[in-house]
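First chain A sits with chain B, and in the next complex the same chain sits with chain C.
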Partner chain A sequence: MFLRTALLVLRKDFAIEMKSLEVLLTTLFFAVSCVLVFAFAFVKDGRAPEDAAAGILWIAIAFAGTLALGRTFERERYSETLRALLLAPAPRAALYVGKLLGMLALLGVAEGLLVPLVAFLFQASAWFSRPLLLLAVLAGGTVGFAAVGTLFAAMLVRARSRDVLLPILLYPITIPVIIGGVRGTAALLASPADEVTATMWIGILFAFDVVFVTLSLWTFEPLMTE
Partner chain B sequence: MKKMFAPLLVIVAAMFAAAPIMIAQAPFESTMGLIQKIFYYHVPSWMAMYSAIVVCGVASAIYLFKGRADVDCYAVSAAELAVLFGLMGLVTGPLWGRKAWGVWWQWDARLTSALLLELIFVAYLMVRKFGGPGSEKLAAATALFGTATAPFVYKSVDIWRTVHPKTSVVPLLASSMPGAGRPFALSSIAFILLFVVLLTLRVKLARQQNTLDNLYLAQEDR
Partner chain C sequence: MHADFDSVRLVEVSRHFGRRRALSKVSLTVGAGDIVGLLGPNGAGKSTLIGLLATLVAPTAGAVRFGDRTAHAMGPALRQAIGLLAHELHLYPELSARQNLTFFAELYGLDPAATVDAALARAGLAERGDDEVNGFSRGMRQRLALERALLHDPRLVLFDEPFTGLDDRAVGLVSDRLRQLASAGAIVVLATHDLDLADGLVTRVALVRDGRLIADEPASSGLRARYRSAMGSA
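== the complex of A and B ==
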């Protein structure tokens, strides 16, 4: 029941998204333009600093993620579909998991584009020599960010000045995860790749993920009750 | 609590009056000298902040899960005090760092995470102020996340290599400098009692605000 509800929510979001591709295309475009802004900010004499790639990648993910979170829940606000979802006789936490899975899929696609792009533009091809560690860092960081983001974006649907409040709430809370992601990917860029440091950060990332996902599952129900 | 308040206020005032004298009489640390004495304010202000965070977290959890609106007064009051005491810690820290490290600020794990913790509670206050009706629950969730982050901030000095002293510095200093333990205990207790006094006052104010709001609403409904 739980898993089925979550997958149903995911399927619904997927079907809506496939019709217009609105959130996906705007997020991808925004992420790429973020990377370009950083290129102008950091590049000197035609070259970027050695370890800038990690920071650029994660800031682009965080900014694009915030935009996507705002848009996906804005959609639920039209004609009160979020309320309809909440009225469904299904566990509330399952709705959250469904939304979270959708967000993860979206960010996954964005990262699929961003990682090669950043690696190509900022001399970071060293990432691809340790694909498993890179995947673990990306997964750890993305899950933590999306878990908090989905919870707060869902909650903010009803609040005033939600567009401003989402980043205000999201960034201080998720910065530990962003730091973990940046440090982890930066360790993989060192030559030779610093696997010990990367694994340590992956451990910390997953510790934060456990805390954040547990807290979100635990608070989603009372938060969404009026 | 009402009867306890006046005596408590007197005790806190007396403790804060006595603290500078006791700190002045405390022995000098051998390498850092006078500047080390800022510890007697710096560490207790963080202790008070952590107390505030615990109160805010527990109150927010009770509010969120039991729906008791009166407990929310404690959460908002404690969050304000967490920001206040955190600010004290963030001011006294660099003052010491300028002398001990030669720079005001270092981006090490403890300083960065402490700043983040402060920002989370500033965000809490912003949500309360600008979130409009219904934002109390959102703020409560923010407080829960902030409370979950706090242990990481406390343990950060032991996990990472930082320039900030480790958590073991307090017992270490107390054992290496006889006579430093007592003023430290005094200032710690004084700061925590100050937090209790301010919390009591602020909760009272929050309750009066709630009563006033309800009266306004009742007037409008007529």
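== the complex of A and C ==
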């Protein structure tokens, strides 16, 4: 019942997104714009500053992710469909998991575009020499960011200043995840790649993920009951 | 576990939002076959009461009992027995009528093939089932929302201002459906401030003002006069 409900919510969000592509296109446009602005600012004579790529990648992921979180839940606010979801005879945490899976899919697509773009503009092709470690860092950071973001976006769906409040609440709590993501991806850019450091940060990121996802599953129902 | 109950009982229920008191020590019992009209001016606490019955709002004090058990004791299965139609229609405008009903049917563990076409027909939307809800009139959306709310044949049916923006024909359809549900043994609670529509439809009247239940009595003719007298003397 739990997984079936989560997948139903995911499928419904996917069907809506396929009709408009609104959230996907705005998220990708924002993410690419962000990277291009950094490229114009920092790349001089075709040379990028050392170690900038990792930070720029995670800034783009965090900003684009925040935009996507707000837009995804805006759909549930219009016509108060979130209340209809909360009335379903399934554990309410399943709704959270469905929304989280949708956010992970969206951020996965964004990262599929961002990683090659940042690697190209900031001479960070060394990432691709350790693809599994790169995927593990991206997955660890993305899950942690999306887990907290999905919870906060759902909580704030009825708040008047939700667009302002979401980043104010989200960024301080996800700073460890962003730092872990930046340090992990930066370690893969060292010459030779610092696999030990990258693996350590991957471990820390997955530990954060376990804590954030567990806390979110635990608190979602009481937080969503008015 | 399938939840079943013959009555819903609010016992000394209070609900505060910060320092604002939305409901204060409300006690009310609603039985199967009743159509209870929750009547009161805007801001009286009607929607909070509906939210409490729908398990979307938790009481600050007191208890809501479904049969002899609380919502907490019954768990998520209780919500299989609750249907809510609110002023906001709980539909996805980007999806078609059929997609909306299919999604909610699956969410309630129903077979869409056995339920969706019949629901579209009852809503008078059999020909428009594949059209996006975006393109529907308010009346069409309301009929679809009504079928969405009743898709799983709920025991407790909650209506919060269901007549807003409806033409006479649509009001008649919703009223008829309410009577059918009550005669089939559902527990129906209707929150409205439209006394003309409530008159002749509800079987019991619960008058609410400033978060307090000021009257709970069988419906009788002359609802408007009774309402004025109760509100004036409260």
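Criterion: the second predicted complex is superposed on the first by the 224 of 226 C-alpha atoms of A that agree within 3 Å, B and C clash if a C-alpha of one lies under 4 Å from a C-alpha of the other, contacts with A are read in each partner's own complex, and residues count from 1 in each chain.
FYI, contacts are C-beta pairs under 8 Å (C-beta built on N, C-alpha and C of every residue); 3 or more make two chains touch, one makes a residue touch a chain.
Please read all numbers here as calculations on a predicted model, not as lab measurements.
In the superposition on chain A, A:175 makes contact with chain B only, not with chain C.
Contacts of A:152 after superposition: chain B is touched, whereas chain C is not reached. Contact with chain C, but none with chain B, is seen for A:91 once the two complexes are overlaid on the shared chain. In the superposition on chain A, A:33 makes contact with neither chain B nor chain C. By the touch criterion stated above, A:215 is placed in contact with chain B alone, chain C being left untouched.
Looking at the shared chain after the overlay, A:160 reaches chain B, while chain C stays out of its contact range. When the two structures are aligned on the shared chain, A:8 is found in touch with chain C, with no touch to chain B.
Using the contact criterion defined above for the overlaid structures, shared-chain residue A:83 touches chain C, although it does not reach chain B. Contacts of A:223 after superposition on the shared chain: chain B is touched, whereas chain C is not. Overlap of the chain B and chain C interfaces on chain A: residues 226. Partner chain A is touched in their complex by these residues of chain C: 51, 54-58, 76-80, 82, 84, 86, 88-95, 99, 103-104, 106-109, 132, 148. Here chain A touches chain B in the complex through residues 148, 151-152, 155-156, 158-161, 164-165, 168-169, 172-173, 175-176, 179, 204, 208, 211-212, 215, 219, 222-223, 226, going by the rule given at the top.
By the touch criterion stated above, chain A contacts chain C in their complex at residues 1, 5, 8, 12, 15-16, 19-20, 75, 78-81, 83-92, 225-226. If you check the complex, the residues on chain B that touch chain A are 64-65, 67, 112-113, 116, 119-120, 122-123, 126-127, 130-135, 137-138, 141-142, 144-146, 148-149, 152, 159.
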